[in-house]
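Two complexes are shown next, each including chain A; its partner changes from chain B in the first to chain C in the second.
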Partner chain A sequence: MSSYRMERSDGGCRVSIDGGLTAVVVPELQQVLKQEVEGGTQRVTVDLAATYIVDSSGIGLLIAASNTLSHKSGQLAVVNVSPEIFRLFQSMRLVPRLNVSGRATTGPAHE
Partner chain B sequence: MSEEALALDDELMQGFISESREHLATIEADLLAIEQAGDAADPELVNKVFRAAHSIKGCSGFLGLNQVKELAHKAETVLDMLRSHKIRPNAEVTNILLAAFDKLREMIESPATSESADIALQVQGLVALASSYLPHSAKAALTEKVQLSAAEATPVTVAQVDFERAQRAGCCVYSLEYDLIHDIERQGKNAFQLFNQLEAGGEILDVVLDFASLGGLDDAIGKCLPLTIVLATLALPDAIGRLAGIPQERIKPLFLDGASGGPAFPAPEAACPRLEPPVVSLPTPEPAQPVVQATAAENHLPQVPAPPPSANVAAAESRPAGATGASQPVVEDTLRVNVGLLDTLMNLAGELVLSRNQFQAAILQNNHRMLNSAGQRLSQITSEIQDAIMRTRLQPIENVFGKLPRVVRDLSNSLGKEVKLDIRGKEVALDRSLVEGLSDPLTHMVRNAIDHGIESPAERSKAGKDRSGTLRVEARHEAGQVVIEIADDGKGIDSQRVSQAALAKGLITAEQLKAMTLQDQLALILLPGLSTAEKVSDVSGRGVGMDVVKTNLDRLGGQVEINSTAGRGSLFRIKLPLTLTIIPALIVSAENERFAIPQINVEELLRIRAEETKRRIEVVGGTEVLLLRDRILPLLRLDDFLGVLPTYGDRQTEREELDRRMQLADRRSPRYSTDGEPKLENVTPRPGPPVARRSDGRRSSVSGTLEIAVITTGRFQYGLVVQAFHNTEEIVVKPLGHHLKESREYAGATILGDGAVALILDAAGLAGKAELSNPAATQRAKDQEEKSEDSESQDNHSLLLFRNGPQEHCAIPLGAVRRIERIKPDQVEMAGGRRTMKYREQSLPLVTLADTAHVDAISGARDLAVIVSNIYGREVGLLGAMPVDVADATSDIDNTTHRQSGIAGSSIIGGRTTLIADLAELVDAVYPEWSSAQTGDGAHPAAAGKGTILLAEDSDFFRSQLKRFLEGDGYSVLDAADGELAWGLLQQNLEKVQLLVTDVEMPNLTGLDLTRRIRSDSRVAKLPIIAVTSLASDEDLAEGKSAGVDDYQIKLDRDTLISHVHNLLAAQPQNNAAALTAGY
Partner chain C sequence: MERTSKSHRHEEDLCLSIPSDLSAVEPVCRQIRSLLQKRHLERMEFPVEMIARECLNNAILHGNGGQVNRVVNFGMRVGKKQICLRIADQGMGFDWRVHKRSWPQASAASGRGLMIAGAYAERVAFNRRGNQVTVWINTAREGR
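Here is the complex of A and B:
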């Protein structure tokens, strides 16, 4: 069951996705992020430490968030990405554009 | 990800690691071979390495090991250039590739951390390589992009080098237009699979994702996600549809933009003749026909610019510093075992079960005969199982030798030296624990040999050697041990420098140095902290290397011997036992405590009866020595050494009593108090200085028989006096407890059959503790050292030193000495004005120097020495006073200053003027009838007037001695002081000279060269030649023989020389005839 958490800190917010960043959770997240950004948040960090799968919708969301943030001189970062997902981002040449960084160790993100 | 998937992943990962290891195991050797072969490198070999890199790249990508993939990809690029002859496999290229593969190996071994590994250095090196080798025009290709376009497709740009590589491989480039949402997600697939699939079937040159077109958070997400993938593939157009999973209209072949003239490359159908099977496996070798349009350019490659120093040097440096880079022998915790061996073990296990049953039955039935036979059977099977299991643990030493080529190559390159490595005996097998333990010491010694031993090519040429040095590493089995030799033909170890350095660092005292033999001095390099290198290079020279080597080898139970000749080279010989834990050992006892001596250390067992001890045990320089055939061995009494109190069974009281019999010497021994009673409190094993040895050889057990084991430490031998020998057993070596680990004399302990504990003696440790390497005691060893020392200048003469008057130091050439006896003054009898003594049932005539020379008479009531020699075929004793010692005269012998009848000359020995006695002259003076008896004696075949002998000897002293011997026997002598002069004399006296007696070491022309010259001159080729010298090793004998010498004599044995001269002349019939008829 996918879920997410949000923490705010000065000037930025951190969204931690638990489970999957997929079409299931994307619509809700989209709204949340939209509100954040409109509320003035400039730095959004998407923490995928507990995320084991990202699908095309998820990628679409990240790209959209990135686009919106850059219009507002903000920045998106995607952190603690699992090796498999990192590889996917790499294949799609998304790593620099979405500021993707991986985890220190491999390991099951789920359960 | 589900757990299943994870488990699968783990299995895949393991499989990948295992497969990559296999690839990488041979890559190093392959790269080196390619480098060696240069342009003639086997293309199949290059392909093999390329495919290895390609495979690693592919699989690692599949598993998400991105750094590994990146590095492998870069390596693959360079290998591809190698394969297509765009670059040559020279040293620089090989270095960089080796560094890259080292890093890959490192990363693959720990995949978890590989993602964070820093590969910048290696990548930089590879990229630099790739770019520096491209023709100028192509250099830009690395960063440059080309534009590809097709009808109705958006142009894309890709890296030029990637595109060109694809072209060369005969691939076509397509643009694949996807909508991730529709094509992938809605189809129930995922993006992972898509990319994997595509990568399997070709190479993704680029992925184009237009961010801008996707809108922001305000727009609808998840409706579509357009993506264009640029794929280079060999697949035929219709197959691509299946590969890509999208309809044909979205697959568009791409062409190079702006090509002048016709299409940049032929139409897809013609250019893609083959279908590449889309599997994640090694692609088959590239088809031969993609014409590599670069071939024309290869011969006109610009000279390679100096490689970016940081990349190259860093790569080279990182290897020596980190031992041998990543190519350590892989410490596997699995083993490959020959299946046949396992079958044998199975059989034996079966036999064991049967035997056990038999045994149990026998016990039940209390049947002794059955027990016996079952016991025998059990014993045999145990041995066989032990043997078979040992064999499973054997690994060929090739596992260690295998990485030496790389070490040699890297080191010699970085030092600018040329070294040829000669490896022999790769198949010699050792227990794997030994193999592991050998790796570091061997590597270190090889590096030492290259760093310190082998000179630079310029120095070598100047010294008349080959420009490239040879390093021989050889392993072989010898007498139950494994022997590994590392020999170089470099400049050898300068024992002077070593000992001076050791002295300067306070590692030895001047006293100790004086007593050291050459081998001892060479062995100093094994001391910690000793380094004679002027500057500490990265490679060696910190002085912490050789002692670690020694420690490692000690731990393996091995010994190391060092031999070296200045200017010629060095030889390190390592001896290792075949196994560590179960060894055959001789059980001995000392005062009823049992000890074990490893069989490999035991050379011989002796039993010396009481009456023989006087004859065979001497005291030289305060040490007891044993005369064994042709050797003198220092003796060590085990009970003394270990501080065991000597006892004997007192028949009367039937108790063990302390042995109170003492001699003169005992009273002086610190173990005993002044009133002659043994001081018990002194008798404890002291960890400190060695226990004083008794200087008198006659203390022995009640029966008077001595049991002596001749022990060898590999370097030298000594005799160990024990109370009794027991049997030889196979013992299991148990380590000593830590509280005993400081004791050098024990190597371990074992439990004997009856349950008693026996300590295992360490042969070398015992000797070391007793400081048995005293040269005064190991005469033979010293002789051997002498000849390997710098012997160009002058001969070394061994002299026996004795006293005459209390302040008079005298000597006599050791070669003339048959025996030394020790007597009391009252044993000398005077009869008829002549001195004699009873000796072995006969009267031994005695002479003293005072009989003919103006020296003091021997005075003092203490013991006398009788130096027994053979003159004119008779035994005679020269009287002298104790003490007696042995020394070498390297300084000249002055034969004028002190010359008088009976004294041939003098020399400065140990800072004192020492008179050299001429025994023959003495005897002539005291017993003149002997010599006349001899010349009138018909035993010598050639009649009076015996002919002319040519004598070549550079030492005045010996020349005059020899001349006198020969003339005294009736020959006329032509003497010369060196080989050239002798040759001149020979030329002038061709008819007269019948025999040549020559020294070996002489200036201008050595004896052997003179011999060779004579042998090659037909006029004199048949001349009998006797070489008289102080060099007496097997090598010298062999050399003499091969030069053509008929006979080899040691200075200065008159009688033997004379008789050999006679024999040689008698064997020359024409000489005899000539002598007789010529009326000489």
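Here is the complex of A and C:
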């Protein structure tokens, strides 16, 4: 079962996804991120250290959040991505757009 | 993408019928991973689950329009060289013939599902009506 937790700090927030960033969790997460950004958050970090899969709905959520934040001079970063998910982002040329970085334990991932 | 009318339902290792509810996708994925582990195909878990999720989500949301009284049928056959997935919904189908094999714009927040499935698959085929998709994945291919 997928879940998430959020921590706030210094005008930013960090969302950690446990399990999958998939269609079943996207609607709730979308509302939470929307509220955060409307509340003035400018830096959103999505931590995928405990995430094993991201589907197209999850990718859509990250792109929509990135679009909204960039309009408000904010920024999204996707961190601690597994090698398989990193390759998925690479194949869609989303690594620079979403500021994707790999997991430290598996070595830095490069595009 | 191409059309298929063949049914291999009797040969399937996994044959499930789920309601049109996104939460029903998770148990299917657990069974997929379990089956692949039993066949020592752990390296195929990510690509197979990616394809299954995209096709199941499409069938539930677009095919069946999220109507929970409609079901989605899922079949999976694990062969020596290929894994075959079959996903069928009870909707009107869609015109896969006009579906272009191109990525959406980088800023687009939707429209990647079928393209992702196609990227991990060896072959993707639809029935004439467009409410059943069959996907073949080469087991020799490790991830993308």
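As a convention for this text, the second predicted complex is superposed on the first by the 105 of 111 C-alpha atoms of A that agree within 3 Å, B and C clash if a C-alpha of one lies under 4 Å from a C-alpha of the other, contacts with A are read in each partner's own complex, and residues count from 1 in each chain.
The working rule: a residue touches a chain if its C-beta (ideal position, glycine included) is under 8 Å from a C-beta of that chain, and two chains touch if they have at least 3 such contacts.
Predicted model, so just to flag it, every value in this text is computed and none were measured.
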First (chain B), second (chain C), both or neither touched by A:E84: both
First (chain B), second (chain C), both or neither touched by A:A49: neither
Which of chain B and chain C A:A64 touches, first, second, both or neither: both
Chain B or chain C, by number of chain A residues touched: B
Touching partner for A:A23 - first (chain B), second (chain C), both, neither: both
A:L94 touches, of chain B and chain C: first, second, both or neither? both
Chain B versus chain C as contact partner of A:M6, first or second or both or neither: neither
Residues of chain A contacting chain B in one complex and chain C in the other: 23, 52-53, 55-57, 59-61, 63-64, 67, 84, 87-88, 91-94, 97
Residue ranges of chain A touching chain B (in the complex, touch as defined): 23, 26-27, 30, 33-34, 37, 52-53, 55-57, 59-61, 63-68, 71, 83-84, 86-88, 90-94, 97, 102, 104-106, 108-111
Chain C - residues contacting chain A, complex: 22-23, 25-26, 46, 49-50, 53-54, 57, 61, 103, 106-110, 112-113, 116, 119, 143-144
Of chain B, residues touching chain A in the complex: 1, 3, 6, 61, 64-66, 111-112, 115-116, 180-181, 184-185, 190-192, 195, 204, 206-209, 211-212, 214-219, 221-222, 225, 227
Contacting residues of chain A [partner chain C, same complex]: 1-2, 22-24, 52-53, 55-57, 59-61, 63-64, 67, 84, 87-88, 91-94, 97
